[in-house]
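Paired with chain B in one complex and with chain C in the other, chain A is shared by the two complexes that follow.
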Partner chain A sequence: MTTTHAARTVGAGLDRVDGPLKVAGAAPYPSDFSFAGMAHAVLVQATVAAGRIRHIGAAAARAAPGVLAVITHENAPRLERAPGGLTIGPPPPLQDDRVLHHGQHVAVVVAETAEQAAAAARLIDVGYESAVPLLELDDPRAQRVENATGRDVVRGDAAAALAAAPVTIDVTYTTATQTNNPLGLFSTVARWDGDALTVHDSTQGPAFVRTALAVAFGVPESGVRVLAPFVGGAFGAGLRVWQHVLLAALAARVVGRPVKLVLTRAQMFTSVGYRPRTVQRVRLGATGAGELVAIDHEGLEPTALEDEFAESLTRSTTVLYECRNVTARTRQVRLNVACPTWMRGPGEAPGVFALECALDELACRLGIDPVDLRLRNYADVHPQTGKAWTTKALRACYEQGAERFGWSRRTPRPRSMRDGPMLVGYGMASAHYGYVQVPCQARASIDREGIAHVRSAATDIGPGTYTAMTQVAAQALGLPPASVRFGLGDTEMPRAPLQGGSGLTAALGSAVHAACGRLTAAFLDVVADDPGSPLRGCQVEDVTASGGGIWITAQPARGETYPAILTRHGLAELTADGQSARRRDLDGEPAIFGAKFAEVHVDPELGLVRVTRVVAAVDGGRILNEKTATSQITGGTVGGIGMALLEETVSDPGTGRLANATFGDYLVAVNADVPDIDVIFVGEPDPMTPIGVKGIGEIAIVGVAPAIANAVFHATGRRIRSLPITIEQLL
Partner chain B sequence: MRPFEYERATGVAGAVAAVTANPAAAYLAGGTTQVDLMKDGVQAPDLLIDIMPLGLRGVTRDEGLIRVGALTTMAELAADPTVARWLPVVRDSLLLAASPQLRNMATIGGNLLQRTRCRYFRDVSCACNKRDPGSGCGALAGSHRMHAILGTSEHCIATHASDLAVALVALDAAVAVRGAGTDTQDRKIPLAEFYLAPGDTPAAEHTLAHGELITAVEIPLLAAGWRSGYLKVRDRASYEFALASAAVALNLQDGVIASGRLALGGVATLPWRARGAEDVLRGAPATAVTFRAAAEAALAGAAPHPGNAFKVELARRTVVRALSTVAGVRE
Partner chain C sequence: MKVAEVAVTLRVNGTSTKLLLDTRVTLLDALRDHLGLTGTKKGCDQGACGACTVLADGKRVLSCLTLAAACADREVTTIEGLADGDTPHPLQQAFVRHDAFQCGYCTPGQIMSAVALLAEGRAGSDDDIREFMSGNICRCGAYPNIVGAIRDVASGAAHDAGDGSAAV
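Up next, the complex of A and B:
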């Protein structure tokens, strides 16, 4: 059971507007689309991690029933790599004979049916000239990349402060490779009409897919249409344009027919990114009173050989606490591994794990309560820039979270709390995420039936974007939500940014808000000289949108409905565009905050950990929909439980083959692993965005794993510094 | 998946004859393992004979035992009142296995014949002596956290995955088998003699000849005075194979163990009856000291690898906990 307690909401608890479609199986996901004459593509993947392809024996596959084409580097058309690195994705596939990672796509088989393609793919014999792969972070042959994100920070003199500090902590943490694993298998359906291309795709950014496809195939971007009205989850896997997307379009081009390509679950582990494992050294220096005088946080993670992927593990380290001397660095090491991606809470989820566990170690060393230690180092202003926060309710997160959790019942000594034979532990952690708001556009129309049609080329990978945007438009236009039709996931619509970085709701919501405001203005324009309108001569600031129309604020009985205006003027509809961008006129630092509290029960003999309670207190600014927002935090908490205790993508030593690329072997939390999750929203609307929203997608997972790890320490007295925390570490 | 022929069986004798005559034929029951193996290219039969139409389903009680049709589903057997009353170890082993969806499809006969979950067996790009005799063992140099520490050989360390088989081995259950030669007569094989350790021939997992069909499983009921239980230890709370498990049955008289049964799962290449531990239990007081001694005996001869060395102690503790729980004694 999940309970929630919201602060400021626009529409508490509106059911998902797309819920009936989804539960009825009627929501069209990318793999549900088909075209007449469509063929099916199946991928063949490398079984070595490095080297060259010596030969590809494809004769048997080409002769197999139903096979239309076998495409390899030997016969594939040239593809151009789109500029823009990060979101565009890995290098185009099948362009040469080199193998850069185990599981690299080396051939695509196209056949009449998916079953025929899969059967023929098994007949392909690939010979390799293997090389010794780069697989370990400490391989001296591997290239290191420093400060790829530009987010490294050196503030003051951490080394000197550490040397002089009365109390120091110097510990190294590791986190495991995690695979995003959305439930929906990523799929691409591609159809060419001359140089025009229509693609249904599992993506978090249709506009980026369009650009990449246009560049790859050298066709005008205006002719490329990408659709993604529904995506079966992504957690960051849809932030980049992957090779299989290009291969589906390539296959369609080669066979001259529409092609559908659906990744297998195993391919989801190597083809659409993952969260890289990390090694992080954290050094803290503090006074005996718990004042932080130095933080040095050094993060290391792998990335792929010919890819620009990088994330900062140390962003939160530089801003969560008031501390004059901070060094924060992240390095990548280039290895023969598949291309990573940003997985929910990218950088922050593993980075905050290391930082917040180190804080717990310091609290323990000093004999200071962990919440109290954090309050003693509370950053009232942004510690790096010295600017005020636009809003910050982290203190309320600590206080209300602790109150709800019953933190005061915690006895500080490890192994001091029990429930029958079980050891009981309480742990907590802070959470922070610096969200990104990038420009976004939206369009709004109202027709003579009084129905608003609002759209933008964004996506809804599950958080409830359809629902929240319906509410924003309904409120701005004074319509009931049932009179708003929100559309997304189509590049024919106004351009939207990626659904990532916890930024879309603020960006899109602000654009929708702007479009609706301009639509109201457009209606006022129509009646500006209309003697028959009670609104004649009114300005936007004079009126209120409500009750299906526009009314003079000072004279609420005077006004008229949208259909009345349209009908009188012989108009079918009115349309307006709106856009949003980060405010430049506000000199403050926006950020999302949270505090997570976890209770665990540990079986001392068997080493079994079960999370028994979680309280998540979140400052996400204005919450547009209490119900879907609570689901967001609940889902992120479940992901945090997986990160803490279960999830690890294992690769074989020496070969780089993934050893557990199935849902039976890669463990995500199941219902029985998930306890009551109590969600509290605190804080105020953020003036950085017109609708006051901050965004909560990432903060949902950040801080959960360290709260659990700290609770495991409190329960057992064992400090496990390596995620996931497994039975063998606690025996 | 490679194309194959599919036929629905109309009678036991006909099905057995058809599969026996065709080395590339296989039976299809619930399909929960078989279809996966075919999708992954691990198995590629030319002909599948669907035996679900054969009946062979349901639980009947006989003198001192129950007879379970081979095509009874895991869910059906777990819900059987006699099993719930007299064989909690069987019921627990079923309900702690797989997921409700799988238990609704998977059959008892198929459960006993399920193939290992070893990822090197199931990935045709890897060497595997079980799948491809003589090709080597990818697991030995790979990731072996889920692999066996008992009954292993230098050719194979794959774990037997069934929970039910562990309980049944402890209970001295037997399978009834129909072969082409025996025609209308079932042959009975005690489960203790049914499974084969990998040795030099990991591909041979049991004593059935090609075409022989399990028609039923006979499970002796525990007499009055016995109590039983199954403990499964794993990372997540549901839907995972065991890191270690223990099936326990004890006949306790005035705090003394008159007789005990113990089998281990998740740690061995076959359902592992721990007879040495049973010798320790027999006639001993039901105390933590006895249980620890039994656990030491149960793990005698364990041959761990670096990735699964922890399972030796984990399995011991699992045994102690299972014995303590069934005996009602605090550890």
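Up next, the complex of A and C:
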């Protein structure tokens, strides 16, 4: 089968199909769902970071108006932990008296109204037997975890090469704890009907929530339905099933009524993960001509005492540059902290910050242009495996990004560029992300009105999945996008993977493409022996889906519409399923690349940094929708500005209490912080997926912070190695 | 301990509804939980993110910091009240055209702020728009497109100012 109008449909900047709903306030997010007789749950959280609960005084709360139940470790039923590692089961909450981190859930209050539950929660008196918490990365009592991702690399002999290298850099960078902080407060609405459970949840993977709930409560998975048609952002926070999700379902079970649980903004800082702070030592060895002969990158970050989280800070270090001697290690330290999680560009965003700032320091030391230094170490093949890249347009990212940015206007010496009183700096960085494609399923139907209904239990946390998948299906079926209804966010639909790791668009798009292809074949099956059909006896290779039907490619006037076939055969609709998985027959290395260029203005007297321009050049394979993809890169760039200059979750060093768990104190980029952002897509469709997509969710943020930090150095001559870069560091 | 309740008639989007409310109920929760108008969003409940922005007597207010009981004599407009019948408000259309959102959660608050911004005459330049829209956080980072959408309508509104049909 061939398809037509590729240029007009796929790739076009179609307005979001769910846009009209969203601007009308009519898109239903999890907390927007309510049920008759619904009660409200509010969480009580630990105010110490380590120790035991000595007593919980809940009598006053239980007697307060409207209170239906107070659930603590003293009366909570046993809950099973779902198996399956990182993404499924959290440690079940309220199972014993131990406190492992500040902000741990210690009680749930359920009441008739949210106001009553919140008021009663304040009446609960928790007494603790405190212990000295493990809070520092260098605490000798703390357990260390080596190579949690299995992605550490030792290639050649970096130590020997460093010792022999004519030029070396040895620097340590730190990045701050960041909180994902999607604007949508994570919410769960749970309703039991016997052993059947329906849950509306803020998640990036409804199927995983279903499994965790079924195991936790010992009920059949087939009886658990999880819905998430709209999610108010997540940025990785929805990749785990968190304890509050289990608690909402538990509360509903205990009171025998539907229950809504909405986390507070403060609880969003301790209950749904965060990007852990890092300490990273980078050593580079190079020749005088800028050839990298050694890279040693060691990353350190905290994780929770009894929960699992893993990311590699050093994965990009092993593949971004041609270099024979590389040691790249990520180490975790178990502390009395809430469990971290993946936050946009997990591992890569902080890891590439350290690597790319070190490259900039090396360029400065050698007197080589930063872009030129990267080109001199360009990895034409995968440096670890020696295999060819499936596609790689990083060179074009450098060249086109530099051209669009006007990089040639940069004068190398720090503090050499000015705009009036402002110091001007230009900085750049490479970006890499190794995307993940996991199996996915989709289902497609066409009805007698000629409307296609395509669905899969994925989510759309904001990138525009509804829209891009509508376009993929429209192209594959030869329908206008307006004749396609794409559905997602419901575990009754075919199973989809997590929306994360920049992998969903490729996985889901390929599954949708496959389902639509099989649907075309199903229509041909129906008319295989139909003397009334011009398509009688045709095979899929012979036809083209176009104009609302199927036509013989060699005789474009011969064919018929989908409704004509359905009507003649007395069928209401036809349906087909499709699936996708990573190609195993292609012996190449898939990866996403980018180059980021930033201009900053720094007030020399106040130390105030403004990002004034950003150019992001991205090789994400085929781009399904130029408009939404540009928005995604823009949004990641805004996240990178926040990472570079604003965002830092501060915890009290003695108690582990978070000191700034509000939007008033945890600063994120606002409108006035963000300049116009120029996005360029380069490269070509990637053969690793049938639709040629690689993915762009993470690459959007990777490289932004180092480009800004390098620009700040260029503007000021001050090398700030600690994020966020703040006024006091520059004064 | 007895829960104090108060009878209040809220006039929202031109419709008056008599409610008996816990005195602690905010305008935001009254809209969402008692009137079923869930278009207005709760992003922080602390007045710091702008997601709950609605208009009260034409001025933007943070509905999470406004007690419902204090709104008895005010004309409240929410995102659900912006469209003219089946025709979305020009800002609603511009937000779609400019892709001025991603997850969409902050969008009702952004649009309500933008409606007031135009009425206040503070959308004269991109820098003004950026400054006066900085009380509305968009964590997805759609800011440049939000500016584009507002600029688009502001220039159209200026163009149409003579016929009295300008936005808002």
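Simple rule for what comes next: the second predicted complex is superposed on the first by the 720 of 731 C-alpha atoms of A that agree within 3 Å, B and C clash if a C-alpha of one lies under 4 Å from a C-alpha of the other, contacts with A are read in each partner's own complex, and residues count from 1 in each chain.
The criterion applied here is as follows: contacts are C-beta pairs under 8 Å (C-beta built on N, C-alpha and C of every residue); 3 or more make two chains touch, one makes a residue touch a chain.
Everything numeric here is computed off the predicted structure, so don't read it as measured data.
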For this session: Using the superposition on chain A described above, determine whether A:183 touches chain B (first), chain C (second), both, or neither.
Result: second
For this session: Once the structures are superposed on A, label A:462 by its partner contacts, choosing first (chain B), second (chain C), both or neither.
Result: second
For this session: Once the structures are superposed on A, label A:192 by its partner contacts, choosing first (chain B), second (chain C), both or neither.
Result: neither
Exercise. Is A:389 touching the first partner chain B, the second partner chain C, both, or neither of them?
Worked result: neither
Problem set entry | Winner by number of chain A residues touched, once chain B and chain C are compared | C
Exercise. Which holds for A:672: it touches chain B only (first), chain C only (second), both, or neither?
Worked result: both
Exercise. Now for A:605: first (chain B), second (chain C), both, or neither, which partner does it touch?
Worked result: first
For this session: Check the residue A:664 against both partner chains and state whether it touches chain B (first), chain C (second), both, or neither.
Result: both
Exercise. Looking at the overlay, what does A:217 touch: chain B (first), chain C (second), both, or neither?
Worked result: neither
Exercise. For A:654, is the partner it touches chain B (first), chain C (second), both, or none of the two (neither)?
Worked result: first
Problem set entry | Overlap of chain C and chain B interfaces on chain A (superposed complexes) | 65, 115, 119, 662, 664, 669-673
Exercise. Which residues, counting only chain A, touch chain C once they are in their complex?
Worked result: 15-16, 18-29, 31-32, 34, 64-66, 113-116, 119, 181-185, 230-233, 235, 262, 264-265, 461-464, 627-628, 630-632, 634-639, 662-664, 668-677
Exercise. Across the complex, what residues on chain C touch chain A?
Worked result: 1-3, 22, 24-25, 29, 32-33, 36-46, 48-49, 51, 78-80, 83, 88, 92-93, 95-97, 99, 101-108, 111, 127, 129-131, 133-147
Exercise. Hey, which residues of chain B end up touching chain A in the complex?
Worked result: 1-3, 39, 41, 117, 119, 123, 125-126, 138, 141-143, 145-146, 233, 235-241, 243, 310, 313-314, 317-318, 320-321, 331
Exercise. In the complex of these two chains, what residues of chain A are touching chain B?
Worked result: 47, 65, 115, 118-119, 122, 421, 605-608, 610, 645-646, 650, 652-655, 657, 659-660, 662, 664-665, 667, 669-673, 726-728, 731
